[in-house]
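In the two assemblies presented below, chain A is common to both, partnered first by chain B and then by chain C.
Up next, the complex of A and B:
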């Protein structure tokens, strides 16, 4: 094995890849500040009129609101179910538990469009098409893998004897869960929650399939807007989405850094 | 009428019981029987050790006592009351684990306070009891550390404090010292012995380390293949093992095949049926009169080395095949006339037997113990 030399060529390649990954996402920022009434880069000065539209137009506001409600509730469901599932599998530690864990990851593997199609057929029967509850449930299921994965990772460092210790000291199963297991996997639960939230926040395919004509989340509004007109407000919405996601990710990074500092200082 | 009387007598017996009683416990994992008809009494305040190799069922028995495993048949009772169906958290048994199992998110003091919080003990009393427990295990001053900030030995002390702070009815210890290095283990053994003396609490201790078991315990139960092989105080177990397994597991031993006959509880070896110059007589209670073969066990340190032909009594003649020098002791292997080896452990008095020399071994009177499965 030989170490990779940091030559000019490899550095340039690295920066190119990075730009290719990041720049398309950030092109919406200047576009959102354009003075024209169509999608373009600002040429004669900047204007915040499209941002104003975003926060005054009732359609966009209700989109933001719907997205927030759906993301929050579906995340709560995914976190509760995913955490309990991961802890249960960890406690059992059998082959069946391993299989259950694999099944939980399945929503991540199945193409969303296939999954959405299946859900649509089911929801027609259940009369859930076009309801907020329907989208929340679907997002809770597709958000589940993130929680199961992160909590399982946290649990892998945990001594299985902790549960026995807690119970021998007088804690029943719910007390053991609440006072010993969950506090120790909290970082994993938080990471999972953030991923599940972001997943629901920018999910489009499922909403298109089962949102019917009643539900317009932010991504759905953008999709319809792009098809029907070229209003630069869409760029403002996109910028807002990116900013929001960045904030959430930074919070998670901050939490992780704080935790590592505490652990590092402790060792 | 008689039936009623019988049942009544049974419960009266159980009501009079004190301490923990393991009563004919059977336990299966699937079709594998891991505990076979195990019975054991643990009197209040005793230090009882379950000793056996891995897979002997000793840990399973401890988990049954703790309530983490259900017994298949039989019963476990504390002061005459059955523990069947009682979950671990309701048993009030302190427990110490091999990996310490301290809660990583809580400080030392919070770990020890945990069982008191669960029991709703008020803050002032909680703090004073945590302080008392900390000083009991000599850990004052480290109350605010997190478990990962203290050493393994210290963690085990905290685990001990946490397991005794709520005044449990019994303390269960599952190989608590096996993760520690040698020096620390010796120190913690002393510590456990001291704690047991101060606490008036029954300790049930699981280990595979025979020296640890002999040093710590009032009573040792030796298990193998899910069966209790022998129960007794360390001295009895060591000097009078009942079978080959105990003789081999607890210390080293010479096994000698003898043939002869039993006459009213005394075994008399035939002159041709033993390697001894004078055929030995052994107490063999419970054996039927008549011709019989048996295996006798002898501990290597219960013998002296003498010059050929010197000394009387239980004497074996042979040639010195090997001498191992251990400083305080010498381990001498003798080859007997029939080609079998006989081991003698001698205190080093400065005289080294030489390989190839003829020698006579004089066995201490009473040091030959007949084994049940011989």
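Up next, the complex of A and C:
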């Protein structure tokens, strides 16, 4: 029972703010179907020409491909390193381990522009500017915090006795890790992977600096398009990205619900 | 077997130190060595008019963004706290969905809405409310709209996390003791949300300071905030010393504020996607 009276005006204002939040997500879909060559709502009929451009133009296609490869590989690195680190910190439980874990969220706090300058300069020295490897490594390290945070959250619900039981039953440390700990925190690992993937897939500022003249990921192509000609094909790209985000978010919410149900059952 | 677990920290630690912390130190180093050793670059903070203009623009836009975001965010968080279970879940989804759309996509969407030939101006002209398009974008107004949009989810999630811990029966008790609705809110609920307000204010302000993409797209080059100013120094005029000095200043300001905040609240909770 709600003892706090809900005020109609507050509720109306809240839904107005929420509509403001959703407005941009909904406007790009109709704009992407315009029949004109400039950004506008469709007036006489709809056309899929801009969506066709997106999937036939070699520049956009190679952008999608580069973004996919970079996001997939950098996510794999971030998930492997981040999961191991979170489990190590959890098991060690010392002050130093605690500080390592705190240091891992540094990339979430430092403004990206600052890091972009630093990594650009380092990559000039290492001759990594404009290489796939360079972007993959930079995205992996900035994706680490998401994995460490989600896996740590999962571990906090795990009974340390499980690990001891596995060890006393004769499993060695790698076996315990692979067969007992990781399966138990899998939803956290998957959530982390999703966030790390979205992070890389959407990342623009670092790529602007270290992409050089060779690498044009999807966000970088969008950025150039916005600054140059505002082609309606960008609206099609934006719509595709929003749909993609929606699907991924629904998967993540599903995972979280499952995790909470299980944790609730265990408690 | 603790050795194994120490080993498990190694890959992440090496990545972080070699490819994150080291480049940041590089930025710091360049700022005191180029074009010549010393604090000459930092003197520009006090002497250069264009640097001061960028700092002032950044502070002004960040403050406006913070105030508007907090007011709107508080209303939504409050409505979420007092809503029924189903409505609460829907509201949460409506907050999270735009949150996970990239700022680039969102800034582009705002361009299509706000520009002179954009959706809003066309609609207003269509119904005869205005004759000339309203200047909604490529100025500070456009930047603030885009930034408030980007920051609202952070504020709402922080405020809501705090409000969830408040027992709503306290309000009923206050009403029972004769307080009016407004008084119960102002004297019981509002004071209890002070940690949330503080956390959200600092968080939104800090994140606003470092914004690059949104002001660059919606400001149209006229409202130069620090991050865009830094990028210009590096990409156009190749003044690495000045660029890294401003970047270092920005980093120190952000980490300093974050540290202050962490004395009051659990920062990790604010950032956790979970």
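Operating definition for what follows: the second predicted complex is superposed on the first by the 250 of 267 C-alpha atoms of A that agree within 3 Å, B and C clash if a C-alpha of one lies under 4 Å from a C-alpha of the other, contacts with A are read in each partner's own complex, and residues count from 1 in each chain.
Going forward, a contact is a pair of C-beta atoms (placed from the backbone, for glycine too) under 8 Å apart; a residue touches a chain by one contact, two chains touch by 3 or more.
A quick note: this is a predicted structure, and the numbers were derived from the prediction, not measured.
*Asks:* Output check: A:191 vs chain B and chain C. Expected answer is one of first, second, both, neither. What do you get?
*Replies:* second
*Asks:* Using the superposition on chain A described above, determine whether A:255 touches chain B (first), chain C (second), both, or neither.
*Replies:* Neither: A:255 stays clear of chain B and chain C.
*Asks:* On the A-aligned overlay, A:69 touches which partner chain: chain B = first, chain C = second, or both, or neither?
*Replies:* After superposition on chain A, A:69 lies in contact with neither partner.
*Asks:* Between chain B and chain C, which one contacts more residues of chain A in the superposed model?
*Replies:* Of chain B and chain C, C contacts more residues of chain A.
*Asks:* Where does A:142 make contact in the superposed view: on chain B (first), on chain C (second), on both, or on neither?
*Replies:* Touch partner of A:142: chain C, not chain B.
*Asks:* Report for A:132: first if it touches chain B alone, second if chain C alone, otherwise both or neither.
*Replies:* neither
*Asks:* Is there a shared patch on chain A that both chain B and chain C touch, and which residues make it up?
*Replies:* In chain A, residues 167 are touched by chain B and also by chain C.
*Asks:* What residues of chain A sit close enough to touch chain C in their complex?
*Replies:* Against chain C, chain A makes touches at 2-7, 10-11, 13-15, 17-18, 20-25, 27-28, 31, 38-41, 77, 80-82, 84-85, 87-89, 91-92, 97, 100, 102-115, 117-122, 137-138, 140-142, 144-146, 148-150, 153, 167, 173-174, 188, 191, 195, 198, 202, 204-205, 208-209, 219, 222-223, 226-227, 230, 234-235, 238, 241-242, 245-246, 248-249, 253, 256.
*Asks:* Can you tell me which positions in chain A touch chain B when the two form their complex?
*Replies:* Going by the criterion above, the answer is residues 158-159, 161-162, 164-172, 175, 179-180, 183-184, 263, 266-267.
*Asks:* Going by the contact rule at the top, pick out the chain B residues touching chain A in the complex.
*Replies:* Touch residues, chain B against chain A: 66, 68, 87-89, 91-95, 97-99, 101-105, 114-115, 118-119, 146, 148-149, 159, 162-163, 166, 172.
*Asks:* Which part of chain C faces chain A closely enough to touch in the complex?
*Replies:* Those in contact with chain A are residues 1-2, 4-9, 11-13, 15-16, 19-27, 30, 72-73, 75-76, 78-80, 82-84, 91, 93-98, 100-102, 104-113, 115, 117-119, 122, 149, 152-153, 168-169, 171-172, 181, 209-210, 212-213, 217, 227, 230-231, 234, 240, 243-244, 247-248, 250-251, 254-255, 258, 268, 271-274.
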